[in-house]
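Here's a structure for you.
All chains are identified by letter, namely A, B, C and D, in their written order; residue positions are counted from 1 within each chain.
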């Protein structure tokens, strides 16, 4: 009985498919879908030689919800809440990409104040996204405390974002032609308190984690991505900027009012996990700068156009693509409409999807612990990858 | 790197470990930031714009009745199908009245049948399906729906999240008591 | 430069698009056989792959490859039409490694066969699922011309009529013949 | 005859007391660790069970005891259940020569230090068995790490202990303590500061505590060697880990910090205070640092600790010879 069981061909379709290419005397290890450092439900099949990785293959689909099919059975307005669920880290970027694509298609003008509100809330959301990543990444590397400090700061931001969006995680507060609500005095007060507070926290992060020799040894010179590799895989966001490619959609394809503010695109040349780490920490600082300037120059006006599309609104025929810079990279939404009630097709371009596809190549020959460090440095949000 | 530099680098690296201990040690001595929930709650000012589950807005005349005209716009607008509204039926006529109408019709007169009252008979809402998007609120023709501020919603079964919003409105009105006359109006303004 | 790349392509149609209206800078229609050569040129010009998807239109599956450049703005959409009966295109994964996953995803959703993909197994959908959820039913399909926003056609092969509105049958031949002006 | 009987009774009573001490300490340390972790992270830690959560460790223990003991499919049941026992019971013997107070020692052994170092080695075997027997790939990787790590870190540990032994001329812990004075500047830490630091680092490595908790590295190996253990199987490893922490802290106190001697009034309370201060430092380290990588862990040992410990030992020997 026993031996029979041991002799059985084990593993599901993917494991068997992976095993075909395995070398002799290696260990096939299933990391995930339930594993502490795969952030939910990513599964990676590893071929190990000792603790060295010979080959790796990420298996996706454990959180697949077929958002693109859902789009075809809903009207455009009804599809908006889905955008809050694609990526729980930076949902406002998805809100914006979708709203922007539809506005482009329907030729809807967005009031200036709404653009500012979008910038403010989206940048605050970017900070929450990076804080979540920061805490979780350090947790992956074995330190338990920083995530709590990050969440302390993140909670303050969630309070702030709750005022303007009404929810704490899966925001769907953008509307075609504006945002769903204007800000109030409490919001202004909290944001103005938060910006100097966060600036005092960043040196603490640096002292506790960034400068720590144990952490530096864990992430420096680990997971090198060359610029060509970035282009071949289409990686964007902090992953690309960590490899010396100064590509930020907010600069390269300026949308909204970003070019009115003074901010820098942080770029690090080294291409290792530390570079990606530093890019994200610098981005928190830049986002604070943007929010500060936007709050100072917030124009009066409406937060949404007068005749915002109702749920029965039909988009004109045509196709539009809109890309924004999300916390993980380029978030793109392509809307194709045949003039009917529901969109003909919606394509969601998830940055994490392209970023994760790098992993198989980058992890070859590294240690198991390094694989965790590389995986974390990609800033994965699985629902966004699986859609 | 020359050995002296390397030596100082090592010292600096080791010092970074002390810095880390200093930071956690400092926070160890400081006050905690956790809000002990059942005993304490966060600043209610922040929760004013919180979008909890939806609720009906009372009509200015009768705080126990909603403004709703049961046009079913919200039902068709809802992307997740969590709203069920049943229209009121026209009042039942007594046989004599019916007979009278029939007679009048037979005479060729134009009779105005008593129409159904423009108010819902039932207003059911399944919070477990709702994605809190607000499409129904934007679709509502008479501003009869709004987000409640219910932050602390718990339940032990799916059925706990199926609300009868008409009953909720009624109980709210009763709770407020006789002084409630002005309150619903204030709320509608807000909405 | 992008212009030199476009000149070298044996494209069926090259159209310049208004970025403010469509989000695209260029829209290029290619025959499937030209695809690999085109992406090699783009790789040489340091373009990166944004995504691969398909649109299920009446004429067939219109595969869309979005490329963008990190230093110069200008999104480029390569479009390849494959028939519903034998949906098969060469894989671009040998050039753009990231395309492997995008192609697998497109295969899951539309059932398109990417020959040459190193690992063409289901990516997002279960391995034993035989349904391609984004395929449309025959009646629900629309013409390509009705789906794409109008772009300024710079050059197009004679006989290329994808962008000509199908509603007015009479105009079809005349427009395709001169191959100029705005289509769709 | 009478002498042997009293010795035997003393040992039996002592072992029972040690077992009680270990169990009680497990509870206290669980509470201290969780509460400490909480406060380092600016949260209250356990708070709801009893006032300030003091009954939480008892609830935890009850939960562990009440859980089903589960043997995974294709595991070797004998070895699988031998491992936690082998991990826990030898630890009790480690307490035998520890000098808690002037007379408060289970059994004053002349080769006390040797006894501790010898029995501490058994723990590695338990971890290896646990990882091997549970037929789990993560367990196996964890076991492999545990062996490499423990074997490596035992050497500098031994060398630093030897340095003290050279200095005091004995392996008897009680004698080593009584040679030290009451005031901090009369302790061995003053003459052997390097040995103290190396000992502390090696002790962290030896007890698999963060930042050297690689055999159970959660984010890499889920739970390492004890991935497959449930209920008290896991509880045994858990208790053994805490008991080991007490032992290394206890030895450290006796060797470097003057044992039960302290300012004003000598006594076992000084011993406990010092042991708990060391345990507190261990908890502090755990909640501050990230985990090192496996090759780095071994590098630290072979390239830094071992040469330094050897140098320290040679230096001590030289100075002892000269003066």
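Here are a few things to note about the model shown:
The definition used in the following text is that contacts are C-beta pairs under 8 Å (C-beta built on N, C-alpha and C of every residue); 3 or more make two chains touch, one makes a residue touch a chain.
Note that the coordinates shown come from a computational prediction; the quantities given were computed from them, not determined experimentally.
Looking at chain A and chain B, the chains that touch each of them are D. Taking B-D and A-D together, the chain pair joined by more C-beta contacts is A-D.
Taking each chain's centre as the mean of its C-alpha atoms, the one that lies farthest from the centre of chain D is C.
Averaged Cα coordinates give chain B a centre that lies 55 Å from the centre of chain D.
Our note on geometry: chain B versus chain C, Cα centroid distance of 45 Å, whole angstroms.
Per-chain Cα centroids separate chain C from chain D by 65 Å.
Within chain C, not a single residue touches two or more of the remaining chains. Multi-chain contact residues of chain D (touching two or more other chains): 40-43, 287-289.
In chain B, the residues that reach two or more other chains under the touch definition are 17, 20, 23-24, 27, 33. Listed by chain label, the pairs that touch are A-B, A-C, A-D, B-D.
Interface residues of chain B, counted against chain D in their complex, comprise 17, 20-21, 23-25, 27-28, 30-34, 36.
Those residues of chain C that touch chain A in the shared complex are 19-24, 43, 46-51, 53, 55-56, 64, 66, 68, 70-71, 73, 75, 77, 95-98, 100-102, 109, 119, 121-128, 133-134, 142, 146-150. Taken in their complex, chain A has these residues touching chain D: 2, 5-6, 27, 29, 35-37, 51, 138-145, 148-149, 152, 208-209, 212, 214-215, 217-218, 367-370, 372.
On the side of chain D, the complex with chain A involves touching residues 37, 40-43, 73-74, 137-138, 141, 210-211, 213, 217-222, 286-296.
By the touch criterion stated above, chain D contacts chain B in their complex at residues 36, 38-44, 47, 284-285, 287-289.
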